[in-house]
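One chain, chain A, appears in both complexes that follow, with chain B as partner in the first and chain C in the second.
For the complex of A and B:
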């Protein structure tokens, strides 16, 4: 099929939109509400073009063969500028003083400052300890609402009111903390104006870093090392592990540990649990590393709570190990340690504050920063990541295998767990540890694997709407032995705390980087991690021991979100 | 008032229609030249044909739009009280076309007191409903102007936020619950049985007259009637200056010799819609009229798209400023630019017609605005 855009003859495919066809041919049309991972809703009207003499929005108008499209005329430029002007005029002045998608659209539309006076004076919603909302910055693009509804099937937020009083609210006007919100933060990931953000802890961490007499320990999650670079001007999928370690030290942290270590630890505990459950006929086993998924399951499918692994998430295992095992080694009380984690995730902020996450007697993790917040901290401190030399993680919680690395991507926990579970059941290692059937961006992956003559059915879901479809099938009687669920599309590399403007292309680049970290490791199976073995020998005993249960496992509420 | 358009069919029209096949019914409706009476004026026969031809399995629906929310429009209310059975017959004939078993009447919330008459009519039609396994439900609106838009009604009935849907797909293809749905206005359905009785005249329609009149009300007009002749029937108060077509149709100067045709109204930049005419006499300021209509749109914008949500508010601010004598020539320029933006960029037809009163007033009564500006 062919059409012309501004007189240029171009090829296009049936089902494509005008915007897609134009962008493929490097013709840029400003957009605001459009997001490549969501359905176009045509709310902002900033992408106006002329198609066969009619003004249409390019984001939601399908191409037709022989269409004549004009994107660049005086009239269209003025209309697009006016549309952006109306939107820019509606937000608080601070919103247009920073770099975001709105100010970017203003630049593209040739609008220096808004023409009309801002009028919004709305209350903020900081009720959740994962996600904050400031409607004075909101341009009602609808991305957050669609994400919460279509991608996550949670429907915690909605539009309420009409005309210029319309705003995003918790369902039935409730503060976010009282809604079904699972803290995944996908809303903050897609928000173009930072009206929805993570519950910020940057200032708290800055203050904590200045505190004397405390040991400042930090851990970084598997996916942060392949995404942080994007926030700081590097190409998607750049692996910056060593640079982050060096930069964190420069920022004032004394000790930098690797969450990949505790991911290995999680796998050892969880695989052990899986083997026990198989023996006891108590499958399926659901993974437990994603706190947003846990909140989802506990609220919408409480009948499956007993099926969730009791293993804590890698963040919380690390948190417990730092303030017990490591504190003991250093000979200091847990209260003398400030433990910070850097996560791709907003739900981890809430998880760290759960009442039961105090294995050391005090709160195991004191502060959680998202990838975006760490970038902000580095910027504030004037630390240029690109120029940093590479440093190594500290011992004894810094060593990891490739299995720990792939925790960051959908299917990774399944792959890592099967590498170890196979060994535990079969008594020998997998021939090919690259379990390709767990990989890829398909929303629901299902497969069978034979271990010791027995067939095991497994499923991997990412995006809670996909999880819901799977759970409904299980409810109707389908049986799986092992199920991995991650709330965010793509897994943690697409997490709610990751760099803005995330799309499937960037998620794929990050995934490739994660698999590169895995294949670059000498050890690629969690049970081969020497530091993990040492931790068991010196401190934990054996997998599933009383001590391991006390420190590395958790319980769940009977119904509803964990507090 | 008495009009042949309100003559009771007493099931005679329905009986005749039920003898026909869906294709025959569509051919007859097409032949009649009946066009939608809800404002957009789309040929009814074509709409029904599109719904019949729409693919897909499962249910089909018929929906009567009785959310008569356009200011100055009240002809559907008259039909609902005087000839509700004709509406039911029209709905049943549409059900016959689609083999639909479920029909809805979306009744304007403020018309709740007309529900009794409707329910009585539905009860009276029971033999025809039961025999064909059809159920008609009356759904009460909650007072949103946007629900005059057929796709917003679909969302409302489905329990969703009443916002318009992107067209295409049209309701005829993907309507209620994604199924082919015939959506027509009250007056349109009421005309259908008359077609089968040979009593329908496509040149005649109902017109709501209000404003500076002694005898405001519903009148029957025929295509090409002179504006002066029509107004005489309603006895104007003072000297008419302008005709205002509801809130969304625009304002044109009153010309007694102007023949009331859609083309003539359109030529003046306005749109007759449902032919609700608000007569404005010389004592009223057009600027004030625009400000008042604008306040209506600021209240009623659903908020879905930015130009309607934010643009109407800014237009009201400008009109308030001008109305207070504080406006400038530049403000008039911005007002013109905003109304042009809304007319061509809003998501739905209601949003696109919201600024029509300003653009037509600036065209025909510019001096009234200029006089108030410095």
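For the complex of A and C:
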């Protein structure tokens, strides 16, 4: 199919939008509400073009053979500028003073400041301890509502009212904490004006770093090392592990541990649980590392709660180990340690505050920073990541295998667990530990694996809407032995606390980097982690022991979100 | 699309029956129409003739389309605010009247128009408004 754009003869495919056809041919059309990973809704009208003499939104108008499209004319420029002008006049003055997608659009439209005053102060919603909403910054682009609805099938937020009084609200007008919100933060990942952000803890951490007489310990999650660079001007997928460790030390942390260590620990506990469940005929086993998925399951599918692994997430296993095992080694009380974690995730903030996450007697993890917040902390402290030299994680909770690394990507927990479960059931190691069927960006991956003559069915879902489809099938009687669910598309590399996403390309770059970390490791199976073995020998006993159960496992509510 | 038709139908019926749509009813209607609760909530807040709380015995909604405004809908609204001693968007203290604005009700050719307890009135004047109010108990 052919059409012309600004007189240029262009080939295009059926089903494409005008915007897609133009961008493929390097013709720029400004956009604002459009997000490449979501369905276009044509709300903002910043992308107007003329198609066969008619003014249309290019983001959601499909191409037709023989179309004549004009993307630039005095009239179009005026109309687009007016559209952006009206949007800019409806937000708080601070919103248009900083760099964001709205001010980008204003610059493109040649608009210095809005011509109208249509801003009314609105109440903020800081009820959730994971995600904060500030409608004073909202431009009603609809990305968050669509994320919550189509990507996650949670439907916690929606549009209320109409016309210039329309705004995003919790369902029934409730504050976010009282809705079905699972804290995944996907809304904050796509928000163009920071109207939705993580519940910020940067100031609290800054204050804690100045506190005397406390040991400041920090851990970083598997996916942070491949995404943090993006916030600080590096290319997507750059691995900055050693630099982060050095930078954290410079920022004032005494000890830097690796969440990849506790990911290995999680795998050892969870594979053990899997083997037990297979023996007892109690499959499927659902993974438990993602707190947003757990909130989702507990609210919408409480009948599956007994199927979720009782193993805590790597963050909380590390938290428990720091304030018990490590505190004992150092000879200090758990209350003398400030434990911070850097996560790709907003839901981890809520998880850290759950009543049962106090294995040490005090709250195991004191503060949780997202990847974006850590970048902000480094910027505030004037720490240039690029210039840092490389440092190593501290002992005894710093050693990890490749299996721990792949926790950061969809399918990774499954792959890591199968590497160990295969060994536990079969009695020998897998021939090829690269389990390719767990990898890739497909929303739902299903496969069979033969262990000791028995066939095991496994499924990997990412994005809660995909998880919902899978759970409905299981409800109807389909059987799987092992199921991994991650709330965020792509897994933790696409987490709600990560650098803002513009396309799947960034997720793929981060995934490649994660697999590079895995293949670069000498040891790639969790049960081979020498530090994990040592922790069992010195402290935990054996996998699934009473002590391990007390420190490394958790329980779930019968129905509804955990508190 | 069937779900959405059911949704609006049911919301309208409930509004007529009770004068508002309660939270429980909203949930019930959403599940009947097979849409998420968020969508039912969104719809209920979108239409000015639907309300999520009991407003008042009578509802008076004046259309605020541009064509209505050109024909003097502001004057009517101003008169009603004075007469009922209430600002638009609120109910009178005795909970007898709710005064609000509504988007297009399809009577632009007979502007200004208003909806009183769901009944449309076209080409209203201050005189006519007094008459309509007088008939309400």
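Criterion: the second predicted complex is superposed on the first by the 561 of 563 C-alpha atoms of A that agree within 3 Å, B and C clash if a C-alpha of one lies under 4 Å from a C-alpha of the other, contacts with A are read in each partner's own complex, and residues count from 1 in each chain.
What we mean here is this: a residue touches a chain if its C-beta (ideal position, glycine included) is under 8 Å from a C-beta of that chain, and two chains touch if they have at least 3 such contacts.
Keep in mind that what you see is a predicted model, and the values were worked out from it rather than measured.
Superposition of the two structures on chain A shows chain C clashing with chain B. Of the two partner chains, neither chain B nor chain C is touched by A:127. Of the two partner chains, chain B is the only one touched by A:83; chain C is not.
Applying the stated contact rule after C-alpha superposition, one finds that A:164 touches chain B and leaves chain C untouched. Of the two partner chains placed by superposition, only chain C is touched by A:155; chain B is not. In the superposition on chain A, the chain among chain B and chain C reaching more residues of chain A is B. After overlaying the two complexes on the shared chain, residue contacts for A:118 are found with neither chain B nor chain C.
Once chain A of one complex is fitted onto chain A of the other, the partner contacts of A:434 are absent, as it touches neither chain B nor chain C. In the superposition on chain A, A:172 contacts chain C only, with no contact to chain B. Superposing the two complexes on chain A places one of the chain B stretches 23-31, 221-229, 293-301 or 329-337 into chain C: stretch 293-301. Within chain A, the residues touching chain B in one complex and chain C in the other are 158-159, 161-163. Against chain C, the residues of chain A that register as touching in their complex are 149, 155-163, 171-173. Taken together, the chain C residues at the contact with chain A in this complex read 23, 26, 36-39, 41-42, 45-48, 52, 103.
If you check the complex, the residues on chain B that touch chain A are 144, 146, 161, 166, 298-307, 309-314, 317, 334, 337-338, 340-341, 344-347.
Within the complex formed with chain B, the residues of chain A that make contact are 42-46, 48, 55, 57, 60, 78-79, 82-83, 86-87, 89-90, 115-116, 119, 139-140, 158-159, 161-166.
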